[in-house]
Structures are given as C-alpha cells and as structure tokens.
Amino acid sequence: MTDSTERVREAKAGRIAALDTRSGARSVSLALALLGFGPLLILIALIAGASLLTPNFLKLGNISNIMAQTSVIAIVAIGQHLVILTRGIDLSVGANLALATVVGGLVFRVTDSTVLVMGAMLLSAVTVGAFNGIGYVYGRLPHAFIITLATLSICRGLALQFSVNHTTMRGMPDGIVALGSSEILGLPGSFFVVLGVAVLVLVMTKGMVWGRWIYAVGGKPESAVQMGIPVRPVLVSTYVLAGLCAGIGAIVLSARTQASSPLYGNLLELDTIAAVIIGGASFLGGRGHLGHALIGAVMIGVLRNALNLMNVNVFFQMIAIGAIILLAVEADVLRGHLEARTRALQATGAR
Amino acid sequence: ENIKIGFITKFPVPFFATMEDGAKAYAAESGGLDIVFGQGASATDIEGQIALIESMVTQGVQGIAITPVDPTVATTLDKAIAQVVKVVLMDNSIPDWEGRTALATTNNYEAGRTAGGYLKTVLKDGDTLGILEGVPGVPALDERVDGMLAELSGVKVEIVGRGTTNCTEELGINVAEDILTANPGVTAIYSACGPAAAGAAQAIKNAKLDHHVILVGFDFCCGEAEAMEAGIEDASVAQFPFNMAKYGVEALVKSIKGEPVENLIDSGSALVTKDNMKDFM
Amino acid sequence: MTKRPVLAVCHAVKRFGAVQALKGVGLEAYAGEVLALLGDNGAGKSTLIKCISGVHQLDEGEILIDGKPAALHSPAAARQAGIETVYQDLALFDNLTPAQNFFCGREIAYPAWLPRGMRFLNKAAMDREAAGIIDRLKVRLPKLDAPVALMSGGQRQAIAVARATVFARKIVILDEPTAALGLREARKVLDLIRQLRDEGNALILITHNMEHVVELADRAVVLRQGNKVGELRPTRQNQQELVSMIVGAER
Amino acid sequence: MTDSTERVREAKAGRIAALDTRSGARSVSLALALLGFGPLLILIALIAGASLLTPNFLKLGNISNIMAQTSVIAIVAIGQHLVILTRGIDLSVGANLALATVVGGLVFRVTDSTVLVMGAMLLSAVTVGAFNGIGYVYGRLPHAFIITLATLSICRGLALQFSVNHTTMRGMPDGIVALGSSEILGLPGSFFVVLGVAVLVLVMTKGMVWGRWIYAVGGKPESAVQMGIPVRPVLVSTYVLAGLCAGIGAIVLSARTQASSPLYGNLLELDTIAAVIIGGASFLGGRGHLGHALIGAVMIGVLRNALNLMNVNVFFQMIAIGAIILLAVEADVLRGHLEARTRALQATGAR
Amino acid sequence: MTKRPVLAVCHAVKRFGAVQALKGVGLEAYAGEVLALLGDNGAGKSTLIKCISGVHQLDEGEILIDGKPAALHSPAAARQAGIETVYQDLALFDNLTPAQNFFCGREIAYPAWLPRGMRFLNKAAMDREAAGIIDRLKVRLPKLDAPVALMSGGQRQAIAVARATVFARKIVILDEPTAALGLREARKVLDLIRQLRDEGNALILITHNMEHVVELADRAVVLRQGNKVGELRPTRQNQQELVSMIVGAER
C-alpha cells in the first residue's frame, strides 16, 4: 500500500479510461454543458413539445402573447423570490396587486396624469409590503405566513370596498395604455419591463452588499445576527421589494387590460411561489437563482398557452397543468442527479 | 312588529349589489320590513354561504331570500325550513329541491338562447366560434352556454376553442388571445360572463381585429358598455337583477303573511346591442 | 496591573428562564495580554462571552470598554466597539463559500459614499484576500468556491477563526478555537493568537486544553456553575491547582 | 468573592425580594398559570369579545353551529399539522376532499350502502395522500409544495370531470345523513368526530414511537437518517394521514350537506395552514401542538361566525378577519414573552 | 494479530463530485482493541467512518464485518450490524430533550409484537435510564426536560457520546468525542472507552489529542489527503514519529 504501487494502479486505470473514453470524453463534456443549462433544458423540452403538438405555437404573435401573459407572474415572482430567499413567504402579492390597480383607478378618476397614477399604484403596493415586513419583523411573528395571509384578506377587502361599484373600473392614463400596446422589435413592452426588473434585481442580489446579506440571512439567521448584519432591515427590505414588484405587476396588468379591478391577481401567490420553487429555491432559505424562478414563471405561462391552443377541455387542462408541472420538476431533479454523476465521471476521466 | 328576513347573495359583484338595492327599494316602499343582508366571498364559497344561512336562523329571521351559490346549500335550507323559516330562491334554482316557496330568476337557459338567437343571425355554416366559459361546475353559467348552443344547433358552426375564465377579466383576455392565435380567422367569440367578455374585447382590440370578430357577452356589465360603444362587442344579454330581488322579496313577505305566491317568477332578460344599449345603463 | 483594562465586566448576571447561567461574574482584559477563561462544561463561559459580544444582554451588571460603560445591544454594536468573536458554534453560513463567509457583514465594497448595503461588492479583492488568509493558516480546502456546508469539521473551524483574526482591532474573543483542529492547524492558531497579542490586542481564550493555557495565557479566570471561583497566572507549577479549581473540591 | 460572602449577598437579596413579593408571589403564579393556557387564552378573549358584541353568539344553537362549521377545518388541520411537523406542506387537502365527496357521490349512484360510500371516500383521499407522499419522497423532490400543488390541480380537474353534469350531486346514504343530523347532548355529531380524530392523533404523536419519529424527522432530517429512523416511510405516512383526514373531512361535509360537489374545500388549504400556524407551529418543522392547531381552527370559525352574526358586510369581513387573525397571533407572541418574563421573575423570587 | 478483525475496510474510495476524499484506504478493527484514526483536517477521517456507518456509500472498495461482506446501505443497516457511531456534528435533535435524544430511533416501547413504529413509548423507563447514564458521565445538565438546543457545547457532546456508548454491541466509532469536553468530562469519556473495550467491543477513535492516543490506542492508522500513510502501535517513544506522519514530511 505504498505510494508507488498506488500510482501504478492509478496510471493503469487512467490508461484504460483514456482508451475507452478518448472519444467519450468529448461527449461527456457536451452532456455536462447541456445538463448545466439547468431548468432551462426542461423549459426548452416543454417548448419543443408544444410546438410539435400545435402548429401556431411558435408564431411570432403567439410568442408575444405568451410574453404578455407571463409578464405579471414573472415580475411578481421576482419579488417572491427575494422573500423566499430569506425563508419567508408573501401570500399577499395578488391582493396587493389588485388593491394597487384600484388605487390607480381611483386616482385616474381625479387626474389623468400617468406619473401620478403610476406613483399611486407603486406607493400603495410598497406600503402594503412595508406593512408586511415591519409587522413580521418588529411584531416578532414566528413566520411571515400569517401576516401576509392577513394582508391578503385585508387588501382584497379594501380593494372591493373602495372600487367604484365594487367592481372593475375602466380606463387608464395614456402613458399606461401606451405601455400595454407598445411593441419593440415585435415584442410587447411588458417583456422589457420584466427584463429591466430582472436585471436590476440580479445586479442587486449578486453584485451588491445587500444581496449578499439576503443570502446570509436566509442561510442562517442566527449567524447573520452574530456577524452584525442588520437582519431586520434586510428582512423588511425584501417584503418592501416584493410589494414594489406587485406594484409594477399592477401597472403592467392595468396597461394590458386598460382597467383596474379588485378581483385581479386571484391565486397569483400560488403561481409565483410555484414559479420560484420550480426554479429550485427552498423554503429553508438561502438557495435559488432568480433566472430559474423566471424560467419557472415562463413554464407556467407556456403550459397554459399551449393547452389553450390545443383546445383541451377545461377540466383536463387542470389535470394536465398539475401533471406537467410535476413532471417538469421531477425531470429537473433527475437532471441534477445526472449532472452530478457526469461531473464525477469527468473528474475520474481527467485524473 | 316588523317582519324580519335575511337576504343572501353570492359574492361581491355589481349584479348582486343591484339586487340588494332592489330589496332595499321594496322595503322602503312597503314598510314594516327589516332585512339582514349577507354575502359570500367568492363564486365557490359554499361553506361560507352555509354559515350565513345558519347565522340568519340564529338571528331569528322569518324568511330567507337567497341566490344559492351551489345546490349543496339545500340541506341547510331544509334545516331552516324546519324552524319555520320560508325560503325564496333568486337568480338560480336548486334542481330537484322541493323546499322553496318561490323562485325569482332570469331563466339562464332561455337567456343563453337569446344570445344564440343573435349569433344565429350573424353566423352561417362553416363559421367558427370560440367560447369563454364561466366557473367550471356552476350550473347557471353552464346553462348560458348550453342554451346558446341549443339555439344555434341549426347552423353548422365549428367550436374551435373553449376555455375557462372563472369570470375574470385576466383569464378572459388570456383565453381569448389564445383562441385568436390558434384560429386567426375565428368568426365569433361568446363569453358566459361580463368580465371575461370585457377581457375578450381587449384581446380583440390588441390583435387589431376590431371589426373582424363578432363578440357576444353576457350580463352587460363590467366594461361591456365601453366595448360596445367602441364597436368591438356586438351584443350582450342583460338581466334585471333589481326586479329579480324585488319580486323575490315580495313573494317571501307574502308567504310569511300566509298569502299564496307563484312558484316560478321570471324577471326576464333582454338582448342588448349598440342600438338599445342606452336603455340598460 | 497598573494599566487600565481594555475590557472590564462587573457583576455579570444572566438568567435563562429558571436557569441562572451567570451569578455575578467579574473579569478584566488588558491590551497585549491573553486571558484564559476556564471552567467545566456548562460553567457559563460561552454565556459570558456572548454577553460581551452583544448576542445576549446582561440581566444585571455592567460592561466597560476603555473604562467607559458600553451599550452592547447587538453583535453589530460590539463589533463596532472593536470586539471580534469566534463563536463556539462557529456562526458560519453553510450556503456561502469560505471567501463569502469571511467578509459577510464586512464586505469589501465601493463606492464609500453610498450606504453600506448599497455598495457594490469587490469580489476579486475579497477572493484574493481570503485565499491569502487561508494560506497563512495552512488549512487545505478542497475548493475555494464550494459552500462551507461540505467542509470537514476542522476546515470549518479554521475558516471561523481566520475570519475573526483578520478583523481584530482591539479585543478578540475565541471560544474553543482549536477544538476541532489538527496538530498543525492548532499550532498555527496559537501562533496567530500570539501575533494578535503582540499587535496590542486584548485576547480572551476559552479552551479545555491546559497545555495551551500554560503556554499562552498571561492570566486565567475560572468559572464554576456561573460563579467566578478563582483567578491566577498559569504556570507549569500551578497547573494542578488550576485543574482542581476547574473541577471543584468535591470528587 | 468567596462562597460565604456570596451567600450573604444572596440571602439579603432574597429577604428583600421576600418582603416586597410575599403577596406578589401568589399573583405571579396566578399570572403564570393564566399565561400558561397559551393560545387558549386568546381564543377565550375572542369569544368574550364576540359574546359582548352580539347577543346571539352564546346561544346553544349557535355554539352547535360553530362546531359544525368548524369541524371540517379542524379535522383537515389535524392532518396538515402532521405534515407541517415534518417541514412539509399539503396544498391539496381541499381538492382532495372535493374529489373524495365526488367519488362518494358516484358510488352512491350505484349503491346506497353507507359502508361502501364511506369506504370509497376514504380510499380516494388516502390514495391521493399516498401519491403526494410517495411522489415527494421517492421522487426526491426538493419540497412537497410542488407535488401537492400539482395534485390540487389534478384532483380539482378529476372531480369536475367525473361529477355528473360537472356539478353538485345531491344525496348521501342514510348512515352519512344520520351523522349530519345527529346530536348528542345537544352537540352535533361532527364535534365528536373531531374529538375522536384528535384524541387518536394525539395518542399517536405523543404516546407512540411513530410520533416521536415525526418530531425527530421534523427537527433534523439528517440526524434522523443517521440515527436509523425510517425517514422515508415516516414522511409518506404523514401525507397518507393528511389524506385520510381530508377523507374524514369529506364525510363530515357530505353528511352536513347531504351532497357531494367538485367545488367543496375551496381555499381549505390556506385555512388549515393558517390554523396550524396560528397554533404556533413552524415551517421549519419539529415544533407545534395539536391542541393549539385545533384552537387555531376554532378561532377562524368563531371569527367568521361572529362577523356573520353582526351582519358585517363581506368587504369589511375580509378586512376584519385579516386584522383579527393578525392581532390574535401577535397577542400570543406577546403572551409568550410575558410568560418567559414572569417565569424568570418567579425563579428570582423563589431563589 | 492472529485474531480475525471484526471490521475490515478494503481499498475504500469515495468521491464528492470532483473532490476525492478517500483514495483507496484499508483498515482493520479488532474486538477488545482501540484503533486510533488520525490525520490532519480534511484528511478524510470523517468521510471514512461515515462510509462505515452507512451515511455515505463507498464508490469502490468493500467493508467486511466478521469477515463477511456487509451491505451497509443506510445508517439503520449499520446499526443493525452492530455499529454505533458518535458523529462529529453530534446528530442531535435540537427540539428534543436529552432523554428523547438518547432513545431516538431505539425507543423503549411495548408491546413487542407490534411493528416498531406502532408501539407505545415507555417514557418513565427512558427518563430513568437517561438520568442514570448522564449521571455516570458526570455532566451537569441544567434541566433534563429542556430541549438540547439550549445546552452548552460540552453538554451537547456529552449527550451524543453517552447515547452511542449505551447501545454499543460490537463496534463503536467515536469522531472526536472529547473535542468540546472539559477536563473531567473528557476523562470520563476515556474511562468509558476503556470500559467498552474491556467489554469486548472494537473501538475506532478519531482525535487530534496525542495524549489520548498514546494513553488508549492499541493501534493507530494515519490518513493524509485521502491516502493511508501509515499504521503503528503508538507509544510515548514514537509519538514524534506519529506526529510527523500526520503532518507530512513537507513544511
């Protein structure tokens, strides 16, 4: 068991490996590169399936539709992602969004200034987010679930109470309407809003100190306290940003519908959480990629769109959505295992 | 001593708000009537409505006028009847249930036929139709589609898309977009509820098909007026919720007083087009 | 002992519900000295240093820094006051890499005129510094860009110790810093402690290793069940006395 | 600083404490006993408030109503509680319950045997639970959120697809109808079902090895593996039991309504999770009391009932429910802090 | 060495992704002997014993128990085969009390004819036994009915060690069992190890404390970067040789 015998053995193993994997090595790295795409791979598979099954799927018009349909989920999922990174949850995003559109609609009754209406929407949404964050953190609540469930209920109630006739109010200022109908390079304006928010948040989480703190707080809150990280402000900030994202979502949705309604955003909390979790984040905090969460959102959008295009009956749509989401996540789990396996294989080959 | 009744509606939309107004108007006219109002939270809030009925009984009402959200509430209504509470149904019936004193309603199936009748005048063999359904599992909404299809049966129209909208504008716009994408030449779209029709109008507008697609809605509410004004929506079916409530409460009060009442009261429906829309606003 | 203590704790009392972990303990730490804090398991050592580093708040008593009462309401405040701590549970972030762990809460970032949280990380600088520090401690890490969850017990401890020593400014507290370390790594840590002492820091060292105490400590304070039961200058000669002080007369 | 001076100091402190707390000591222990009631204290406060505000609240009939209204939430919350104890979540409980009633309703079309209909309901619910558990555990999914969200969608779709005319089917066998209208000592039969399930689960979690394992798995899954606990079967069992509870809930609801419907149990997942979290459990697992979860369920029931009795309009009900739940949880947080404070005070006094 | 080894590991290889933690290690443990497993931080000691106790699976190589290849697919299987382990991370349940921790996975319960999970806990018996064991280790615990999350580092380690020793049947593995222990508690653990050895168990002890190795170990195996670099019988005389084997020639 000396070093030299060891080395001989290793060399032999290496030669054999080299012989039968010379050409294999390249395919291994190719497989690895492919698998490294992560959930994107699954999304691509989904898109490929959809475009085989329904001819209209890959039309430019439809892609632009999907983008518009997905943009609200995607933007709100970005905020949800931040909250989940810190072990939290925000159940109020949908109701918050609805309340923001109603507030915007009410302001529009008074003035048709785009800036004021947008500002009112964002202010309303951020206020709710701040209420969530401050209530959770300084109320020393055991989990954000309860307070955000409470604000869900409260926001929905307020939105219904205050909207004229308790229902949809039509009309939005020109600036917002323009956003809804704008197209750049054939893509809807909302797509660029998603892109902008995503890039901004990505820079903040990956490039800024604050983002590092979010990961630290999510990874181990006790350690974060001990290391002198301002844990409470960091937590509050994530809820405020989740609120802000809901507000931006409200603007995008209002732009699309040219209206505001207390019923908007129904079950949006489940859609966004699903997107984040499909993207590989964990309720135990500190893990997850923004990009993956966006992919999760697009997956949900693509699925709904494809089923509509295929004229699948409503009941079967529900079944199919459940089943395919499940399969997509399971496929990603298997992909992850395969990637780890392949990586080990490559390491052995390279030795 | 005033008569005390309960008035329960399904969930917060203008339709039911108008019904409450109708009930209040009747109470103001007739006098000697206290009404306790209650409302569920959503189109599927069955348990919530059951709890409402039970608490009305606890409060000692002599009668209940209700828009049942689901046939399920019949059992609870039976319990109320056992405590000598009269029950009048409004808006939709409970199939195979004998407990009601009266039913005041738009006949949804008939109203659906009204919509079908309009479509029949504008569609011809070989045309295509997309359908925006309401909430899956809610009979009144299904009847609007069934009635429309029955009336249309003479024309060979192909149904090219059917999606559920939960009667929301958001899903209305999405499903309509997808129908338009899958079938760019679709002749007409029919929506079983108002908000979804408004959403469909928006989708049609976004696709710049304003004058190419025939849009028929239902309820004439929630933005349909604007769509019709703009020439995107072609027709809708209006109900008369104000009258529905008035007739319902009237029947309830009569039966509490021991007077005979009609078992089925039709509050009517009407086709709305751009020509007569002013009458319904 | 004519110098003024950098850190003085007076009559520290700390209760956890019905358990009284500290029953009126006092100690002083001086610049350029190593103070050993000794005692059996559960004696209250970690509790005492957590009070000093702002994790817990004293129920009674006072903490003075440079002779002035210090309000150590939070670990952030303690760090601000110049107190750097290696916790017994290491306080690492399992989801972060060693370099990220090092600088967590004290990132190298720019521009300085922005509030701290808004600054941009200088990742290259942090990676470079972290590599240097790890090298100095002679710890072998498998990969520098893997999260510390996957590291061995000793590797984790080395990272935690390295982190505290880098930022030392005035007072450094080490709670059993060599418990999981190998021979060579433990030696490196002792060297480091000596170096920090020579740089003028006041050090508080908690350890169960008498060899290390005799080798390094200028003074030793012994706790037993939340009480201070003795204080002396440890030497080879009085090592036995120290041990019986820790263990207690009984037995 | 010798032992004797120490003792003198302590004695002095003790005497002073004794002087000014002689009579105080009793009130401290009283306060402690009161605070020790935990969330029950908050519930009692809620009930007291409700009965002051609305005269009908404490009527026997109303209490019996509340029990019947709460029983479904309570039973399903018991299952949810088990799942949350192991760091999981079950979003499918409501849809699972709906599907079970539909299956029961379909079997009733064929036979009016109470046993067969009940059996079919339970079997359907348990199958869904087992699917959740097995899929989550053996599919190596990162969290139960996704699979239970998928089964939510699938079950709702199946229930709608299979129910006659896609809607409510009236009628239940006599045995089930009898359960719904039965009264024992003036209390509804469903109350005793809740009681029975609760006692059974309490015995299982507190008295049986399996229950200990649940706490262990929730407390630290890695350690549970290392200690040789059959972690996977334990996890699966909690989802199966959550399914079983949904099935029992289906029977109770069908008994009450004498019907089955694909729309039953809407948002039941949020209600039950809220009940469990109000009861002090944590998404981080291993903490929480069954009794507290039941108290949480009753709180929700009492609140809705009281607001109905007060004829509060729906919009305001939403706002009030959110606000009061939040206040109740916050009150319990403060109660907990107060209890810890008082306990320390007592320890000091007793010294 | 004419006895047959109770446990034999042959050519153990373990990879974590690109990191190779074990590169072909072999060792034998005999009944009634203490085997010390030594090595620097990150040498692969914990990885090796985790493979033996079923937490990890070997990528290559074999584990023999009583001369027969053993399939240790899970910690449960290893426990079944008579392998009891104190893990470096202690593997305690923070939300359970010491007594509950002791018996977790091996509860005293009745009736025996029911499947294990369905049996009823005999809480009184477990509390009684737990109290006895803790007493034997001379650890002071503040309260026996508080969750272990709140205990001191040493108290936690004592609980983990006590748990393993109680159930020892054939092979006991201790991964740095005295790292956080005070003087007296550490001594108690050494006594316990001796006692377990005398009862005929095979012991594997991982430690960085050379004193303990020389005092207790019948043989020592040294790992370095995943390779076995030596095996000898430790004495006061060859202690230095052992140290340089651990640390390596370089430096």
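Letters A, B, C, D and E name the chains as they come in the text, with residue numbers starting at 1 for each one.
Rule of thumb we're sticking to: contacts are C-beta pairs under 8 Å (C-beta built on N, C-alpha and C of every residue); 3 or more make two chains touch, one makes a residue touch a chain.
What you are looking at is a predicted structure, and each value in this text was computed from that prediction instead of being measured.
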Neighbour overlap between chain B and chain D returns A
Report the chain whose mean Cα position is at the greatest distance from that of chain D.
C
In terms of mean CA position, the chain most removed from chain E is B
Compute the distance, rounded to whole Å, between the mean C-alpha positions of chain D and chain E.
41
Just curious, how far off is chain C from chain B if you go by their C-alpha centres, in Å?
72
Taking the mean of the CA coordinates per chain, how far is chain C from chain D in Å?
45
Need the CA-centroid distance for the pair chain C / chain E, whole Å please.
29
Indicate the residues of chain A shared as contacts by at least two other chains.
160, 166, 314-315, 317
Chain C touches at least 2 other chains through residues 18
Multi-chain contacts in chain B: which residues touch at least two other chains?
12, 136
For this structure, give each pair of chains that are touching.
A-B, A-C, A-D, A-E, B-D, C-D, C-E, D-E
Okay, in this complex, where on chain D does chain C touch?
1, 6, 9, 340, 343-344, 346-348, 351
Seen from chain C, its contact residues with chain E in the complex are 16, 18-19, 39-43, 46-47, 88-89, 138-143, 146, 150-155, 157-158, 176, 179-186, 208, 210, 225, 243, 246-247, 251
Residues on chain B engaged by chain A in the complex (per definition of touch):
12-14, 17, 133, 136, 160-164, 166, 168-170, 173-175, 177-179, 181-182, 195, 198-199, 202, 206-207, 221-223, 226
Chain D residues within the chain B interface of the complex
56, 59, 61-62, 65, 68-69, 72, 160, 163, 165-168, 170, 180, 253, 256-259, 261-264, 266, 304-305, 308-309, 311, 313-315, 317-318
Chain B to chain D touching residues, read off their complex:
11-12, 36-42, 44-48, 50-52, 54-55, 57-60, 70-76, 95-97, 136-139, 142
